[in-house]
Amino acid sequence: MPEAILTGAPARTAERAGPAPLMPLAARGLTLEVGGRTLIDGIDLTLAAGRTTMIMGPNGAGKSLLLKLLHGLTPPTAGRIEWGGHPLSPAIVRRQAMVFQKPVLLRRSVAANIDFVLRARSRRDRARRDALLDHVGLLGHAGQPARLLSGGEQQRLALARALATEPEVLFLDEPTASLDPASVLKIEEIVRTARGGGTRIVFVTHDVGQAKRLADDVVFIHRGRVAEHRRADDFFADPASAAARDYLAGRIVV
Amino acid sequence: MTVKLLGSATLAALLAAGAAVAQDDAIIVQSTTSTANSGLYDHLLPMFEEETGIDVNVVAVGTGQAIQNARNCDGDVLLVHAKPSEEQFVADGMGVERFDLMYNDFLLVGPESDPAGVAGMEDAQAALEQIAGSGAPFASRGDDSGTHKKEMSLWSDTGVDPTAASGEWYRETGSGMGATLNAGVGMGAYVMTDRATWISFENKGDFDILVEGDEDLFNQYGVILVNPEQCPSVNAAAGQTFIDWLLSDEGQEAIGAYEVDGQQLFFPNAGA
Amino acid sequence: MQAIGQALALALSLVLSGDGDLLEIVGLSLRVSLSATLVACALGLPLGALLAISRFPGRNAALIVVNALMGLPPVVVGLIVYLHLSRAGPLGFLGLLYTPTAMIIAQTILITPIVAALSRQVLEDLHGEYAEQFRSLCLSRTQTVGALVWDARYSLLTVGLAGFGRAVAEVGAVIIVGGNIDHLTRVMTTAIALETSKGDLPLALALGIVLMVIALGVNALVQGLRMTATRQAYA
């Protein structure tokens, strides 16, 4: 099977000269207030093309919220987001995909979960569906009810479903938080393949080892602000902020 | 897509279900529960329908509601038992003409214990006065039916206003004859009923006829064609055919021949 | 107690004898109430779905109204439908009064709020789970509703059953707009009311038992369907 099927966007973007590239992402003064509390506090962030960015930070720092803001699931109370110089729009969201910490699977068979997304994008395609399932190691489970899969299998299915949309940007919100080590490595392998195909990865994690394995750059969030945004090697070797130093050293960050 | 599918299924269901709409050779008779519950129509209609091919659909409600339904043009023939109201109906132009059809009589029924001691009395008014005086329970239709109207006119002759004791010994069920009899039997209350309903009523318990035979208890049924000039939907030809048949010798004989437990329920008196 | 034993025996002999009148009445009951359920689902499901996934001014008021309408008294529904379908009413020209269609209309009005309110709850709960994923996929409103209805289909079957149960059991509405006309609009409940008013309580009770058995049968059928399908594709 053609490898491009499994990795997401680039094969398509190459054929398709039409839409402007999504990257870089530019967020300016991004703010989210809920019930008088400022959860995201004037974040400025620029992400370049073709990398894996890991978003880290203590609980409650606003990592997941930042992801939702960037993906357009939550509207900011102030600030703006531009993808490739264009404000966030449904057309842009359609070129992205997101995998949640707790996979949201339809009450249908494994195969039907993929079919659903392919159909929503008007590309019903059995071969493609089977290729995706094979890629995440679930082809043998195609006919089973999706919600009877194990946690790791469910997350791989969610990942396959996200890849079915051939996303140019893939957001992952702690997708391996509650999985066993083998499942974690499988997921990372799939993500790495997608990244290799040119899909831009934005990945929230608490797992320092995982971040070291996958990251090109790290955005460290603390109290709704970007504490630092650096190349991964530099960040892990010598974190600049006190919060990141405490976090990496396993101390409680307040 | 699901919605569309449901939509067409709906339409199909409605069409299929609506197929049984009354056809041309059918009429609706607005009638009273006493005639229907006694089984009279089950006796008469097969003969008439076989002879004429006209389907007769009987709606059995209280006389008051039957007349109101007919005033709304929701029937072709009115067959009830409240002469003053029927004459008013014709006088208002809603009915073509009223004909006497048949009669029977009203009865006062009550429990064997007969707390007011009215058993065997022949004067209905006196019996009612005695019941009121004793405070023994009395169940009334209270539904503006022919029987209820009759009962109220008897009370008004006695000078007693039973509604003043409503909820005490005087209990208005607001229901049909059968339901009122069920209630009366259930609480041991006297009930005024037409003879036809009583004879065919199957839940008599220890109740029996206590007062009968007073001229005041005479119960006359009339039949009226709803005026097609007021109600264009009336199937006048078929309705008139039904009335003519009821009033004919054949129809009158059929009415007289109807018996339950060996007792005649209605006495034909057309043209009497 | 003796009456109940008598009624049971009578019910059994009625069913076993295959009494033509009984079959006709049972058939009409099923036809009218199943049709009403189908129409009520066609109207109530989209309404419930709309209320489940939309946020608009007055939505709370709409929810209160729909929930309150679940308690519509059948007699009131019957009366309102009567006033419309009566020859003297605005829709009298249709000539629908005292027909099965009129009964279907009345029962539909009676149970559509039930279907709408219950399906709203079912779909809203499911939507709470799916909403972010669906927004991430940029699904249209139609796609969202379609997916919710499909995934909730077994719960929605129960919603339909609740509607059917209410329709097949009510007497107040159908007796007014149907008129309980023998061989035309007589259904189980109006027949029971009639036999009760004739004082034939054992026959009334026997008919009631037959009605309950039918309701039981319909529910068992749907439950069986649901369990088979669940085993195959759903968890």
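Letters A, B and C mark the chains as written, and numbering starts fresh at 1 in each.
Methods note: a residue touches a chain if its C-beta (ideal position, glycine included) is under 8 Å from a C-beta of that chain, and two chains touch if they have at least 3 such contacts.
Please read all numbers here as calculations on a predicted model, not as lab measurements.
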| item | value |
| --- | --- |
| Distance in touch steps, counted as few as possible, from chain A out to chain B | 2 |
| Chain whose mean Cα position lies farthest from chain B | A |
| Chain pair, most C-beta pairs within the contact cut-off | B-C |
| Geometric centre: closest chain by C-alpha means | C |
| Chain A and chain B, separation of their C-alpha mean positions in angstrom | 78 |
| Where chain B and chain C are represented by their mean Cα positions, the distance between them in whole Å | 32 |
| Whole-Å gap separating chain A and chain C, where each centre is the average of the chain's CA atoms | 47 |
| Sequence positions of chain C contacting 2 or more other chains | 150 |
| In the complex with chain B, residue positions of chain C that touch it | 31-32, 34-35, 38-39, 41-42, 45-46, 86-89, 92, 95-101, 104, 146, 149-150, 179-182, 184, 194, 196-201 |
| Complex contacts: residues of chain A adjacent to chain C | 68, 71-73, 90, 93-94, 96-98, 100, 104, 106-109, 112, 116-117, 120, 145-148, 165 |
| Touching residues on chain B, where the partner in the complex is chain C | 1-3, 6-7, 9-10, 13-14, 16-18, 20-22, 28, 33, 37, 41-42, 57-60, 69, 71-74, 175-179, 181-182, 200-204, 231, 233 |
| Of all residues in chain C, those that touch chain A in their complex | 129-130, 132-133, 135-139, 143, 147, 150-151, 233-235 |
